[in-house]
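Think of it as A, B, C and D in the order they're written, each chain with its own count starting at 1.
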Amino acid sequence: MNFASDNWAGAHPQIAEALTNNAGGYASAYGTGDLDKQVERIFCDVFERDVAVFFVGTGTAANSLSLAWAARPGGVAFCHAEAHAIEDEGGAPEYLTGGARLKGVAGRLGRMDPNALGAAIREHPAEFVHAGQPMAASITQATEIGTLYSLDDIETIAGICREADIPLHLDGARFANALVALDTTPAQMTWKRGVDIVSFGGTKNGCWCAEAIVVLDPAKVGQMHFLRKRAAQLFSKSRFIASQFEAYFRDDLWLKTARHANAMARELATALSAAEGVRLAWQPQANEVFALMSAEKAKALQASGARFYPWKPPLSFASEIRDGDVLHRFVTSFATEPSEITQFADLLQG
Amino acid sequence: MNFASDNWAGAHPQIAEALTNNAGGYASAYGTGDLDKQVERIFCDVFERDVAVFFVGTGTAANSLSLAWAARPGGVAFCHAEAHAIEDEGGAPEYLTGGARLKGVAGRLGRMDPNALGAAIREHPAEFVHAGQPMAASITQATEIGTLYSLDDIETIAGICREADIPLHLDGARFANALVALDTTPAQMTWKRGVDIVSFGGTKNGCWCAEAIVVLDPAKVGQMHFLRKRAAQLFSKSRFIASQFEAYFRDDLWLKTARHANAMARELATALSAAEGVRLAWQPQANEVFALMSAEKAKALQASGARFYPWKPPLSFASEIRDGDVLHRFVTSFATEPSEITQFADLLQG
Amino acid sequence: MNFASDNWAGAHPQIAEALTNNAGGYASAYGTGDLDKQVERIFCDVFERDVAVFFVGTGTAANSLSLAWAARPGGVAFCHAEAHAIEDEGGAPEYLTGGARLKGVAGRLGRMDPNALGAAIREHPAEFVHAGQPMAASITQATEIGTLYSLDDIETIAGICREADIPLHLDGARFANALVALDTTPAQMTWKRGVDIVSFGGTKNGCWCAEAIVVLDPAKVGQMHFLRKRAAQLFSKSRFIASQFEAYFRDDLWLKTARHANAMARELATALSAAEGVRLAWQPQANEVFALMSAEKAKALQASGARFYPWKPPLSFASEIRDGDVLHRFVTSFATEPSEITQFADLLQG
Amino acid sequence: MNFASDNWAGAHPQIAEALTNNAGGYASAYGTGDLDKQVERIFCDVFERDVAVFFVGTGTAANSLSLAWAARPGGVAFCHAEAHAIEDEGGAPEYLTGGARLKGVAGRLGRMDPNALGAAIREHPAEFVHAGQPMAASITQATEIGTLYSLDDIETIAGICREADIPLHLDGARFANALVALDTTPAQMTWKRGVDIVSFGGTKNGCWCAEAIVVLDPAKVGQMHFLRKRAAQLFSKSRFIASQFEAYFRDDLWLKTARHANAMARELATALSAAEGVRLAWQPQANEVFALMSAEKAKALQASGARFYPWKPPLSFASEIRDGDVLHRFVTSFATEPSEITQFADLLQG
């Protein structure tokens, strides 16, 4: 019963196997090998257009370099006030962009409010050097708290970005979970709705370590090659990332693992809803479930072997928390066993 | 017959197998898992003392963050003029140190000359803000061109650093190759001779992607935790690096693979020495062989299936190159088959 | 009737005269001349202790380098959400600190609320690399909106900083205005109450260009010499700053000009209070007055020759603004003529 | 007899007077005032074309921001190995460019050799991320050691830059001294010969503190406004710089002071040449004279009241120094009195 995080899971057997299968022989280094090229073409297929792909080692690197790609001096990047880039990346986005500011924008349940975004941008008029200048907006899909932007939401935000002449970044650490939840295509969830650059995460969904920056219009690749190298993110044996992605996309493994994780989350939510002294904080839309219960209740469950943690309440939700209730997060993944859910459901009933 | 680079090889089967074996189950993320802790203890055993270990993704990251750890504003780091950090890291050391300068120091065949180092340091007196201030020296062991510092060489340079009150970094992208060539211990090659911090590379010697920064005195760990995170080098599923190192050290795999690579280099050198129209540029001491031959000769060999490349002559060697001769590099690795050498020897004779 | 800003004024005649008087002769450059040393000793007298003084060219440089002095990787500096460093310095603090984050803390009328500060710090536990680490707090005295921290307020905030093991910076762009308003001493307003480092501004109070970073405990000067040089803020003919400060302190010129500016502000406030259709937003405590009036009223006054501007309402005040009212700022300085006030008072009545 | 440096002089009386004359009245801040605009137009006249002008506080800032304007990730800027930016700016160019590398290029007596420049650029092929990418070349005119590039030299170097698609920066800390020595025009010495951006220095030639970055094609101004602000170099009372430049250009004051300084240098050289035990190191072309003499001789002169210093010999000159000889630098300026020269000549004879 481990619902601690989707990065507590290891690697999907097919990912591990792919690495073993590709371990032999010689391949040109630093992303120039045949497998690297082949996987780049797979990305083009997945996104239904030519895209430029840059493998990197961590989601933080993908986000930080996507913003570095968009950076301007005195630049301000707009993201949800509780975005991963703000709360959990230890200053990497600021550092790797040469000191950009991440401006937190308000919004219900992890999603930037378009009006708030527009207002925040307008506080930084293009020619007013004192306030800094807008350089990018960033949305997280699925969000940090397991909610989703609809395709129309994305389009609305992209429109605001276009007006402000700034690119739109999508932090897709849980890209696959969002994709299958919305039952849409990568193209629809990104460039067809105005996204310019994507942090495409494989790690949380079954890879060991496979993240890619996808520049959706290859004509706008700019300085990304040098930015990645300068950030020490160009891997010599780059095929070890390519191999993972090759297996990830083969036979739609990535969609299957994401569907599984989301299904497990729904079942977990059902179990939590049914339990006394527990209520869902909001409906899960991807692979994270948030529930309120007393600290005592949580401790009892944990003592019985369930692994999950308290979570800082979103500002937009704080007022809905009753005295004595504590918000907790439960995360599912490709590795979650149905038996973990039923065992936990029993525990909740017990 | 692939002598292009030791990073054209993939992963040793035992490394790949270890990853598969560790793919299942849950483990605490971001370097806090049991396996991570266990591997850190192995490093302590290997170095015969308590050390602080930081896994990172690339050798460039290890070097850059080692220098960042030593950084001072206006800082100058001294390394050989043809060091990897200067020639091949795309500005990552400069960027990740906040703008430090890498000052190239002269020296025969890849090794900094101690007198030249002393003179270079003295050009930056401690209190003279205009010239910047010394912050670190860095040696590469084995060097970029397959030569070695003796233990006494290291001790001499460390003494100069201590006098200047700067730490000594050792770039050990080929640490194991140097170690077995000198038939010494990690302790002797580092802290017992005055090295303060090591880029400990596993990738070139049989891992997929396993690099570690080793701070030899854990009391001096300083800000390394935050430096690594800020550089986007803290991996969520960090056990994928730990697993590699666990297999790397088990039953001395790392020493075996390094000995193999070095032995292959020696045989390759013998074969090259014996060939007409070819002469060794200098005696190989680790797993790289440099030889002079005409461009035509090289092309003929390459056309027959041998993979190797021309190399920019070291400044200290340039005068020894005769008209018509071109310097070429041959690299061996754990993956080099003895049959590749014999096949190449035949080709050379043919 | 120019109330646009205290930096629209030029230089006090005694400042200009001092520059002329010091224009001749040779003096050792880069801050090493006799006059520089003499002025440093005056600073020690002013602060009643040995202090380390660093002249720089702009208030933004003083603030940014004070924070750079305190910087840690992944560092977070806490200041009021509407502080100058956040709103008006174009990313210089972020850049010159190597990517530190400025975390806006709430508080009434420009002053950080100590509880909010404590809570913000606690969101960045010392060993949790993901959230970044606290590195400094910064207060502005007088604040951006002409209010003051009491000495006890400063002491309270300093206590919170000490507990969190971070230094306290005071942005004293209007140091003198605050000092005379509180009728206290530089020592009392700073180190006796726990301030560690001060941006000591002379420019807004009658100098051309004279700012100093004052490290209150010279034993903690750290890397400031190199930080200033690296930021291109070490002036060759540094005596041109020293000269200004020498005249600034001579015969208490600085206190006189500050008292004058504050007195002018009080008279302006009286005039505004008495006018129909105008109300003071809050009591001015230094040399800035904020008043509410309709846009039409403001335009009429401006059309009659009064220079002042609308101002973005502080978040903590927004709810007190009635429909149709617009907040406006009026700033006085050493250069404000009493006749400007009476002329404006007449205009308000007219 | 003070020949220590041209920045040991203070300000020309007309500069000081201009500051006094402009001290009164109100002016819009941060470079938006009428005088600022007027001086920008004077710069256009001086350069015989529309240019974009950015006042900054120090020559180091002008150089660093000019390079920042040209910066690319992993960027390499080429300048003479003994350029001020390399030897004397404390890492500011590296810091303010986000970690660019300054690559020292060889050349006789302070001037980059065009062939060496071409070779250095070719070591960084445009698409090879490992070596970094060329981003700019920078020449100093007059050089650090008082020599000059001819207009044809400049054109040759500009041609190499154009081929490599990098801009050419001219460090004009002693722009006026070079200009009058070559008897040419600012247009000829810059854009007509291919220079793209200039650090235009007024400080060494009679100003207190007046430096300007001149972007010669205003269409290429790029991010300079934000770069300057982000570096804390946008002055609030910017008219104090504008005033200095206004006086500097009025009635050709700047040309007169430069001619005077150069003439004094020539007389100083004559006096040195005539002295026993002294020989000129090379012919002075601007306002610096370098001479060889024994340390004893130098000490005796200094003991008699002459102020000058030893200087690190240029690499290209080192072999010409005889045992016992020490290289010394003598600098003249607007402030050098003819009587200082005659007094020194007497001393040399005595």
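The working rule: a residue touches a chain if its C-beta (ideal position, glycine included) is under 8 Å from a C-beta of that chain, and two chains touch if they have at least 3 such contacts.
Because the structure is predicted, anything quoted here is derived from the model rather than measured.
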item	value
Separation of subunit C from subunit A in steps, with touching chains one step apart	1
Separation of subunit D from subunit B in steps, with touching chains one step apart	1
Copies subunit C and subunit D touch via same or different residues, half shared test	same
Between subunit D and subunit C, distance of the C-alpha-averaged centres to the nearest whole Å	34
Geometric centre distance via CA averages, subunit C-subunit B, whole Å	50
Subunit B: positions in contact with at least two other chains	30, 73-74, 89-91, 95, 98-99, 129-130, 132, 226, 229-230, 234
Subunit C partner contacts - residues on subunit D that touch it in the complex	2, 4-5, 7-13, 15-17, 19-20, 22-30, 56-61, 64-65, 89-92, 95-96, 203-204, 208-209, 226, 229-237, 239-240, 307, 335
Residues on subunit B engaged by subunit C in the complex (per definition of touch)	30, 68, 72-74, 98-99, 127, 129-130, 132-133, 223, 225-230, 234
Of all residues in subunit A, those that touch subunit C in their complex	73-76, 87-91, 94-95, 97-102, 123, 129-132, 312
